[in-house]
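Consider the two complexes below, in which chain A is the common component and chain B and chain C are the respective partners.
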Partner chain A sequence: MTNIQDNKKEVVITGFGGQGIVLAGTILGKAAALGDHRESTLVQSYGPESRGGACSAQVVISDTIIFYPYIKTPDVLVCMSQGGYDKYIGDLPDDGILIIDHDLVKAKRKVKEFYSISATRIAEELGRKMMANIIMIGFVTAVTKIISMDAAQDTVVKSVPKGTEEMNLKAFNRGSDYGLSVLKGREKKAEGRTGAVS
Partner chain B sequence: MKKAILTGEHFFTGDVACAEGALAAGCRFFGGYPITPATEIAERMASRLPHVGGSYIQMEDEIAAIASVLGASWAGVKSMTATSGPGFSLMMENLGLGICTETPCVIVNVQRGGPSTGLPTQGAQGDMMQSRWGSHGDYEIIVLAPYSPQEIFYQTITAFNLSETYRIPVLIMTDEIVGHMSEKVIIPDSRKVKTISRTAPKGRKDRFRLFEPGPNGVAPMPAAGQGYNVHVTGLTHDEKGYPVMTVDTQVEMMDRLTGKIRNNLDDIIMTESYMMDDAEIVLVSYGVSARTCLAAVDQARKSGIKAGMFRLITVWPFPEEEIKKIAERVKGFITVEMNLGQIHREVQRCVGGKVPAVLVGHHGGTIIPPEDVLKKMKETF
Partner chain C sequence: MDKYKIILFLCNWGPHAAFQALQDNRDAIPSEIHMVRIPCTGRISKSLLLKAFEKGADGVILMGCRHGSCHYGTGTETAEKNTEDTRKIIETLGIGKERLKFVTFHPDESDLLLEFLNSFTKEIASYSHTHVTRSKDPEPWVEKSIEEIVSKHDVFACQDCGKCTSACPLALTGKPFSPRAVAAAVISGEVNDESVKNDIWSCLTCGICYDRCPSAVNFPEFIRDVRCYYKNREITGQETHGGFFQSLMRTMTSSDLKPTPWSWLPEEIKTDSNSKVLFFGGCAPYFDIFFREFLGVKTCNILADSLRLLNFFDIQPAILEEERCCGHDLLWSGDRENFTRLGKINADRIHQMGIEEVITSCPECYRTLAYDYPEHGIELNFKVTHLYELLENEINKGAVQFKKINKKLTIQDSCRLNRFENIYDQSRKLINRINPESFTEMQNNGKTSICCGNSAWIGCDSFSKALQVKRLNQAHDTGSDVLVTSCPKCQIHLKCAMEDPFRENELKIETMDLTSIIAKTLRWE
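Then we have the complex of A and B:
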């Protein structure tokens, strides 16, 4: 859980094998470690099957060395499958942030800070369903700010297969743009203004 | 040719860091058979070795994999393999051959839950006694247990250095968690990487004796094809390497095999202490479980419990003298490991009943949470 002194953040990303959950976690951890020059750990869990099984990535980011890399109570829970949501939602504290893929997860529990994006549908629109994870990372970066935008974009480019950098960066930006517009919309709402989100 | 040492900052899994450590140490042969969760080491070596003048062979099984590694070592090349529990069991016979023939090589076991096929994708530390006694006969062995991707990079270099110094297979007993976790790994400038290679023989080739020990108890080692008489056998052999089936030869050979380790414990045994100066309760651990202990020590200190951690970097040979000394001044020991008490028994033996020595163990499949260790501290002491 959050430790203010170390500025520690714990993120759990869940989904099923083949969605690129571990790559999403890797980008988050790598951006924090190499881009933002902080400490980070990534542990993964998956089953013996290569696709379709439940899968999760746990990322801890901190200003100081991280001893224990597993997460009991995440600060941020990102769900890209209903199974992942069902398994981990009980661990999320009331002041935690819940982020879901809108079309794949039905979130029954109400938490204070809740965000959703149709990451998989947007990826399909962009022509590659498998980029949903990159769109999600863009969205997570924008709404949580746990890694810097520069580090995230740089890491995406360095972590995806050669020849797909531009496409993935576009996907990332779709996610982050949407995230920033959601934040803006909420700000306006908080200020009592209504109207279309710019 | 590409660079063998990737100087710089990386975000690597333990498996990849292990492969990079091997390359930095000068390893140029990998004979393997893929198995979860060690496959990524083979994968990395397969893609990297051809670019640095080395070779990778995927063999038909783990028995052949270790056989190829021993052969490559006798051809004069620093060699390694990596596996997990089921493959490690298959390697046990030829591990003995490597010990008997004093063949330097490195074997990595990325441990997963067992017995048998067990939990392929989940971590455990259940092969620790097998790493000590898994091959038949009496022998000494060197076993290291890294606790992070950064450390596995350095320990793999150390493993090669120890193996080349003492002409013995060195085992790296890591686990699925360290193998698959990613963390920052800093690879130093190539000039700062210290590597050791086996001593080459000197003098007249016709008077050469393959197993005649040098000053540190270890015989210089030629490569096959250099003109020295190289007779390598798993039968009990004399200093020339020829089979001699007598009790005297057995005693002489065994004394040499065990003596070179037992007489150099100070050089081989590495441990680390955390908050041990005033510690009353000592957590003994190794590998990923040591990370649980670091967190547990910090939590204990916050609630006023004087806890410390004694970490085994070298697990075998076991740091008996250190544990005995610590036992003189503390209230008790807790061994923390992901098995049902393998190193715990060693700790108990060394403590000798002077103070309580208890276990926080787990059947394998998941890391031990620091809270379990804290609970045990409060229950026992």
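Then we have the complex of A and C:
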């Protein structure tokens, strides 16, 4: 069923309540729909899991109409808590993309494409731990390119509380800058150029 | 067309006898040859050789005694080395190394001598004139009066508190020198007293005094302007190395000259002439040639490593093929007229390339381009960024790490970077990112850091040496094995002090530029 539309991407973002997981999912979906003019759906799970328990956002993005918003096998799994990782990692296929918060999640399983960022630590550096989700969205945007950079930035600005736009944009850029650096580093390493001198 | 001018520095001893024989025989010595009789070729410094070209010579001959027949023993060898180095420098400068020759003759070789003079004259004619044509401004350059200088820097606000003198590194080495007293003397009209002149030329313009002054008297710029006032009245200071560097910079103000300071650039470094970003290198290529024999500095490595770091971050900058000195040392040794000329040429050429951002790793180039060019009416259509800012920015994005260095480090701050609020602590940030065995600050560090002992190639004396010894002792006291620098000149001047034959082992310490350390250890994660 999922393979009918090739350009369809299914993203699961997980973490614990209070991290802004659902806002992250919303930004992803809105950016795709309003910014990139594609289709998107969002399913959020609260339930008994909220209040500090595991929580998740399921986002489907596609060029054509989406018939089924629930995700069984995600293309991209973003984990901001160990609980979320443990719960969803089994659903991720071997060719899926795994993205984690480096300081909060220990990833045991090996997948083909793996990225990690210390989103929470960077957020603390920037003075606001709660911006970790925005940093993560920046990072996800840069490494997966599921949504365009412009749409993502635009949506971040429109989705965060008034007065915090600039701060959040800065957080987003920290995440996306890091993502772009990671990609550049991998590319260079693949070419056998690890350092500046050799 | 003007007649060619060839300067013949002729040693008093061996070849002079041969030359005299030609004169006695009324042989036709080419009229282009202008003979200057000298006691020994070994006494003709690189500075004198270069100055001949600066003043308009088309060719220069240094003529001495054959090997083994030098009256003083080592003159011929010294002259050979000086000529070799000067040839390399004038080649880089765009004058062409063929125009300078060192030759030797025995007293009885007058025929050979004449033959040589004829053929060299022909050779020079085949090259035509050099492009050293320093245009004279139609209007004579006028500097501000002392009253204007005093009021510009509000020296009257001086409270006579003496904080400047108590912090001045020169005063603290025991030199009878006091910025407070200089300020007072100039205010009371003693600017032309010998002792005041001496003091004005001695200051290192390091700026610690300015940092301390409760009345914010910008002492370094005040000193600089008084120097310009002097220079304008033909009062010159004690230029080091015979004024070689000032002469080099003045020569570069000839706009038709085509220097080639980048000819040495290793092939693996990528530059792009269409880039909107330009890397400005500075005078490292000249320093390396000039100090080759004595200090063996390799400051070009700083430029290469800067470019490697830019390449590392996927920046392939343009370079200005005919780059000239930024002019920092001309300005700070009082020659505002030639500084402005030089600055205009650099700025024009950079504008012609459509550059939007200039990056430099040299603290002096940074200050001069970013601050002194606009101050002197040279408008810039590009922004100037110090390499450290760019590195800090890029490294901060993440995904990089630093390989461990098994060395203990300490750092010599650059006076010029130290006075910029936005970047004075960038070197600290970077050094805290790298991964050495240890990093220890010297007793005087950061804003109160002591100068490397010379600035603008002016007034290097025994007190400068004492200052450098003090600084090097501080470096050793940290127990470090590498002294990290940010400015190529800090390396040059401090290394010079290490050459002291009596305390060599006591003072020697490895020096390394921060940029090079980063280039050698930065890795993608």
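We take it that the second predicted complex is superposed on the first by the 186 of 198 C-alpha atoms of A that agree within 3 Å, B and C clash if a C-alpha of one lies under 4 Å from a C-alpha of the other, contacts with A are read in each partner's own complex, and residues count from 1 in each chain.
The rule is simple: a residue touches a chain if its C-beta (ideal position, glycine included) is under 8 Å from a C-beta of that chain, and two chains touch if they have at least 3 such contacts.
Here the structure is a predicted model, which is why all the values come from computation and not from measurement.
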item: Partner contacting more residues of chain A (chain B vs chain C); value: B
item: Touched partner set for A:182, first chain B, second chain C, both or neither; value: second
item: In the complex, chain A residues that touch chain C; value: 117, 174, 177-178, 180-182, 184-186, 188-189, 194-197
item: Touching residues on chain A, where the partner in the complex is chain B; value: 26, 29-30, 33-34, 39-48, 67-70, 72
item: Interface residues, chain C side, partner chain A - complex; value: 305, 308-309, 311-314, 394, 396-400, 403, 518-525
item: For the chain B and chain A complex, residues of the former touching the latter; value: 9-11, 36, 120-122, 177, 180-184, 291-292, 294-295, 298, 367, 369-370
